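Labels for the chains are A, B, C, D and E, by order of writing; each one numbers its residues from 1.
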Amino acid sequence: MAVLRPSGDFDTSYEHDLAVVRQRWQWALLLLLLLALFTLPYYAPAPTVSLINRIGIAIIAVQGLNILTGYTGQISLGQAAFMTVGGYISALLVGAAGWSFFLALPVAGLGAGLVGLIFGLPSLRVKGFYLVMATLSAQFIIPWLTRHIYPSLLNGAQGINVPVPTFSLPVIANTCFLGTTFNAELGTCVYRFATPSQFIHITLGVLIVSTIVALNISRSRLGRALISVRDNDLAAELLGVNLFAYKLKAFFIAAVYAGVAGALLAHNLRHINSQTVGLVDSIMFMGMLVVGGLGSNLGPILGATLVVLLEELATVLAPPAAALLPTLAGGATAALKPLLFGLALMLFLIFEPRGLAHRWMLIKAAWRLRPYAR
Amino acid sequence: MRKWTLIMLVALMGLVLLAACGSPATPTEPTAAPPTAAPPTTAAPTAAPTTPPEAPAEPTAVPVQEPDKRTQNLEGEKITFYHFGDLSGPYAAITGPLVFGMEDAVKAINERGGIRGATIEVRFADTGGSIDEAVAAYDRFVGSDPNAMIMITYGSGEVEALASRFAEDKIVNLSAGLSAIGFYGPESGYTFGLGPIYPDQFGLFLDYITANWATIKPASAGDEIKLAYLSWPGAFGQGALTPKTRAYAESLGVQIVAEETYDLSPTADTTTAILNAQAAGANVIWTNTLAFGPAALMNGLGALGLKQEFVLGGCNWAMDLATYAFVSDPSLAVGLISPFPYLWWNNADHPGIQYAASLFEANGRPAGARNVGYLMLVTGVDIAVQAIEKAIDTVGFDNLNGEAIYNALTTMGPIEALNGVVRVDYANGVRAPQQAQIRQIQGGPDAFNVLQDWTQMPDLRP
Amino acid sequence: MLTVNNIEVVYSDVILVLRGISLKVEPGQIVALLGANGAGKSTTLKAISGLLLRENGAVTRGSIEFEGRRLDKLPAEEITRLGIAQVLEGRRLFQHLTAEENLLTGSLVRPNNRSEIKESLERVYAYFPPLVKLRHRTAGYLSGGEQQMVAIGRALMARPRLLLLDEPSLGLAPLLVQTIFAMIRQYNHESGVSMLLVEQNAHVALQTAEYAYVMENGRIVLDGPAEQLAQNADIKEFYLGLTAVGERKSYRDVKHYKRRKRWLG
Amino acid sequence: MNWQLLPQFAITGLLNGGPIALMALGIVLVFKSSEVFNFAHGQMLLIGAMAAWWFASPEGMGLPLWAAIIAALAVSVLLGLAIERLTLRPMTGQPLLSIILMTLALGQFLQGLTIFVFGTTQRNFPVIFSVTNPYRITLPLTYNDNPIVVVLRQNLVWSFVIAMICVIVLVLFFQYTRTGLAMRATAENHETAQSVGIRINHVFGISWAIAGVIAAISGILIATASGLDLSLSIVVLAAFPAVLLGGLESIPGAVLGGLIVGLAQGLVGLPNNSFFMGPAAAQAIRNSAEIVPYILLLIVLVIRPDGLFGQKRIERV
Amino acid sequence: MTASENFLTVEDVTLYFGGNAALCEVSFGVRRGEILAIIGPNGAGKTSMLNCISGFYRPQHGRIRFKGHDLTKTPTHKIAALGLARTFQNIALYTGLSTLDNLMAARHIHMRQNSLQSILYWGYARREEVAHRRRVEEIIDFLEIAHIRKTIVGALPYGLRKRVELGRALALEPELLLLDEPMAGMNVEEKEDMARFILDIYERQGTTIVLIEHDMGLVMDISDRVVVLDFGQKIAEGTPDEVKRDEKVIHAYLGDA
């Protein structure tokens, strides 16, 4: 959507014009970035890796929300509830049914998507606050269900312990390669994604796929239909877009993203219960989206990064704050997190309502307008 | 199409990286034997999670003693205690004082010269009662200290979620969250309780009421004991209700006639739960909650005028100063019965309690903090120090790690922490104390009086 | 009394709607502003009443003065408080309030003097007798003519010195239009309140007003005393699109090359 | 079904609905005037009650209870005014999502602020109504020849009475004062209100101030019943569906919505034998009070998208 | 004029809002390949009429037939696929999309890729995007909006937005084009441009056009026939010259006196 383009970059075909990554140097940069991310555990301290892992999971959840709220304009406070669904499905499939995590992950996404469809149904009849409330109800009903249905399986409010994702390789020449360990029960070499340094590769892999999907949606028939529902639903309908079908599709896709993020989270935490992610997280995701920039593919990445870093800042600031104000004792983190998040979000809403992604575009455009910029 | 080949390339590179990155993870698993060379036909030395939790408990794992190990004069050295607590979430109501207890106990030990001269450092993380915060804090701790060896936790949910990590990373966890899964779950093993697990407590309570039913039963009740389990939803609240405890209750002839939950909040409305219990014919109520849980029940009972209709019992946390803070009229609290695995502040002539009281005075803590959390942490620090000293004696300071402390704990035999404020014995796969008294609130906070002295509790481990 | 001085109005920073409008209302006078749909009459009125600001519009040039005070930067509520009452286009009542409550909202700008307000209310009922029976009816369920009476009555409750009326005849049956305009005339005679009347219905407007301006395309193209304009045979031409401002070429005759040239130039 | 206890649960539920209705009313009030759905109402509740505690407690000012409550109300008025001026006025004309997020963010901010000022410790709110002597009312009904006695906590009854008094006072205020008229007019249409000279920013301010007072009263009522801690801010979650059940803009709707929510929450808790379903399902239903309002809401949204008592839209061309 | 001749027939359409009739038994026909103007004073029901035809309002009585389909019974989102497109009085563009994407969005009904293909963006979906892009570029060339191809329409000036909206309607490749005040708020030059575009569409593609317009001069110049509405009723129909002389029309505009 960029208007301005570096000089020397001409469109020679529609394919080229439609391409997302346009130039060799951009490809090189992208590859470098990916390489840097994937090799992170080798050079970054473990807490940083763990932090980036959390950011990655948050980005996936917010990308889903971006499709629903940013593209389609349907406000949802239920994203965390759909994450819970995905987390439980994957936990049960891997834990109780013994599936491979890599098979359970997409199934968890689809399962959450179906639940998302159900809570998207009211969007047929209601808009605005009423729809917010309908999605908010998911935030109450789904956790309640996990606490009260099939207690023998879901273990009620206690929640369930979730296995570590593993990846099995055959034993070659009596040796296990690539950091795997021999598992006598299975007779194979098993790689366990246990620590953040190991798990981050799953998160990054999923993140790449989710980003590509989001990009494809935004530049295709589906994405334009969704945006037309957002920008002018009446006109969209008169121009042949089946509003209901596309709203439901948006709810489905958003919930699939949430389900995948929830499954990642559950396996990362190794535990899930009805409170693992809750209403506050739904609010946070919405906040990340607005801070990052609604309807932009860059938005979720920037927003989730900033907000998670802000949370981290609260954790870092908590001890000195507690030292300054003894009444705070241990409540400093609890005070600082909502305080900083609330304040940041309010300031963004007032001073930068279009989010960081928009600011980034402006900076980029300004740079290109400089003489001799390349 | 060039783009897609490139994407495929990226994906391929990603896969390679994914596989290659396995190696940096190995340092976190301190098992010395390289598993890569294991022949598939034999039972290979596998990583900790695949072994049964009891396995490393045997003293065979104690390393060969080295002649020149350092066991004394550790001045300038540092031992870090990692500490998780909920100071801002739902459990915050009574967990504040635990920070004080920890700080004061550690400060006193450091002032006395620390552990053989090594100072103790405390790093605290507020989890807000949320598991992902706990995991994040854990990652932070472990990431910044590859030789983290001891952690102290306070919430059942956190313990359950982290238990497998403690076992994997061989970090001893002293826990005040007493749900059975954390201690005896399939992948746990490094978690030790500062109090008895809830099923055991529930069992002891059942023992007591069946034995003394004639004297304690409400006037309106018959000979049959009908119990209502009214508690919070969640790992903690439901922690005492396991298949084993159900079977145990049945074996004692106690019927569990109602299971109701109420909100995890001091403002919870308990009247619905109480009336349902009454409708089901219950005459005993058990609640597995922190102090404001029974307080909410007492308020509800008082408000409904049903206080005399029930025997009210709760786990060790139920009987606390905080119970008084939340009860709307002090008289409503009288009569609560609880298994009590530690001494109380009113055992003023006991040296352990005197020690705790002196710390409390010396640090000028607010009156409200003089509660169970404080006491438990002062005791817990004592247990930890005893175990670390034994571990240093065995392996020397330079080899001190979680596994050594684990071995020390499991081979120490009966420990009378703080001269017997708590009695524990972590041998033979038991990971929580199994002795407690039964006490009853008979007046103010200083009248938590003993109904039954130290007894072995029924063993209801899963 | 009211002077509009060569104003220019732009919506959303881009759409130029008024291109230099000037008009005057003298004390006690009824002035009509005529023009076809979309000529810019309502915008002129909104510029005076301050409601432009709400619609992302702004006066970018010129000035509006009322009794010597500049109005063009004030919000609507303050302008009303200066003594300019407005009857908005389309009879915008508070639909869920009763007729009388609607009237009372008009008196909110004046001090809370019960007897005085009661007197004003009686006066409005005297001018619009049908309202007496309807005073406790929900305004949204009144008929169009009744709603128009309430809307005008509400404006009168503020005891304004200048009354702005935006298309009071819109969507009303001819007979009702006559009735309402009769009331407007009577009120003007009796109270001497000045009025600025925006109308599409040229006949009735010219009957009522003393002076009139005719607008087209954001400009005033004709003005003069009402009787004079009423005689003007060209008036009807305005409404059927044939301005008297010289001959005009047919739109069909615009040539492609001419457009091209403009783009290139 | 336990018929013996039905009246008990129904009446308790209904009385519990009083404070819910009051909270719903506070939200509706702000929405009607400024079309802002105040998700931060729970935090206003919390701050009001915390302020009352601080003024009354010997740890704080140690004022007599009545003075403390008045002081808390004053604080809440200031809070309401500050919220309107500092956070919502800059948002005029922004899209719905921004406004929703603004109050959500505000809620988080206020929650953090409360912790910052008061810490996380729970407080014991001064006892206003006796907690040990419930009212026992014998209904003129019998079941199996047993008279039906309803036991009602004093604070339950009085909370309800005070909530209803507040509702009535507000309704009278709207109906019979000039400010009330200006507020109702503004609620209908901002532009028209401006055109008759109503200063709508003042009206917004007044609405927020009143909402602050209402929030503080609800907060104090709930705190007297069961102590005061941070969880007070989530009590309001039961009021959100009540607002929409009533129809978002309707004051009687909010009150009825609150009562319906209370009643429904009371009725699901009724001891139900497992006649239709297994004991586990029966227990699950007894514990469904937290989601019942939302299930009711979903049903109502499907049947009547404008809520049960939503104002019928009077449409014209 | 019989129904069979008619491309679009409006029969006895009556539309109420609450108790008020916005349209009252309005009937008229549109022939294939003509420009029909609907005129009338403010509030006469012109836009309501257009809304009924495009399926946005559902009249309580009467029928609207388009190529044999009863539009009053067709789901709104299926009407565009029958070959009917419109523009809006207060421009209803997708403000967050670029000019190009606005036009591509209108190709929705002509595209066959399903949502899964969209997500994969591989093979058919990709080829289809390129093919439709070609069509859209032709329209962009025709309307001379190539320079704003990638500008977000929210940032465009009013006149250009009107033109983009016309382009979006053209991208539907309609047989019947409904234009609601296409020249409102434009200066004379812009109006001349717009008139030329409308005539070009009409002349080159033979598209049938129904338009609402206030500028009488323009209406008289470019339309083949005119329908006059007042108070929701049709008061006149005929060629521009006939209508201009009609007493009822003159009264409607000057007011009954």
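The rule is simple: a contact is a pair of C-beta atoms (placed from the backbone, for glycine too) under 8 Å apart; a residue touches a chain by one contact, two chains touch by 3 or more.
Here the structure is a predicted model, which means the values were calculated and not measured.
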- Message: Measuring between Cα centroids, which chain is at the maximum distance from chain A?
- Response: C
- Could you find the chain whose CA centre sits the greatest distance from that of chain E? B
- Query: Looking at B-D and A-B, which one has the bigger number of contacting C-beta pairs?
  - Reply: A-B
- Query: Distance-wise, how many Å sit between the C-alpha centres of chain A and chain D, to the nearest whole number?
  - Reply: 34
- Hey, how far is the Cα centre of chain B from the one of chain C, in Å? 78
- Task: Report the inter-chain centroid distance for chain B and chain E in whole angstrom, where each centroid is the mean of the CA atoms.
- Result: 73
- Message: Taking the mean of the CA coordinates per chain, how far is chain A from chain C in Å?
- Response: 54
- Query: If you look at chain B, which of its residues touch at least two other chains?
  - Reply: 87-88, 92, 96, 233, 261
- Residue ranges of chain D touching at least 2 other chains are 115, 120, 287, 290, 314, 316-317
- chain C, residues touching no fewer than two other chains: 90, 171
- Item | chain D partner contacts - residues on chain A that touch it in the complex | 69, 75, 122, 125-126, 128-130, 132-134, 136-137, 140-141, 144, 148-149, 151, 280, 283, 286-287, 290, 294, 325, 327-331, 334-343, 345-346, 349-350, 353
- For the complex, which residues does chain C have touching chain D? 49-51, 54, 75-77, 80-81, 85-86, 88, 90, 92-97, 101, 104-106, 108-109, 112, 140-141, 154-155, 158, 171
- Item | In the complex, chain E residues that touch chain A | 54-56, 75-81, 85-86, 88, 92-98, 101, 104-109, 111, 113, 115, 117-121, 125-126, 128-130, 133-134, 150-152, 168, 172
- The residues of chain A that touch chain E in their complex are 1-3, 14-15, 17-18, 213, 216-217, 219-225, 227-228, 230-232, 234-243, 249, 295
- chain B-facing residues of chain A, complex: 19, 21, 27, 30-31, 34-35, 38-39, 41-42, 45-50, 54, 147, 156-159, 161, 164, 171, 174-185, 187, 191-192, 194-198, 201, 204-205, 208, 212, 265, 268-271, 273, 275-277, 315, 318, 329-335
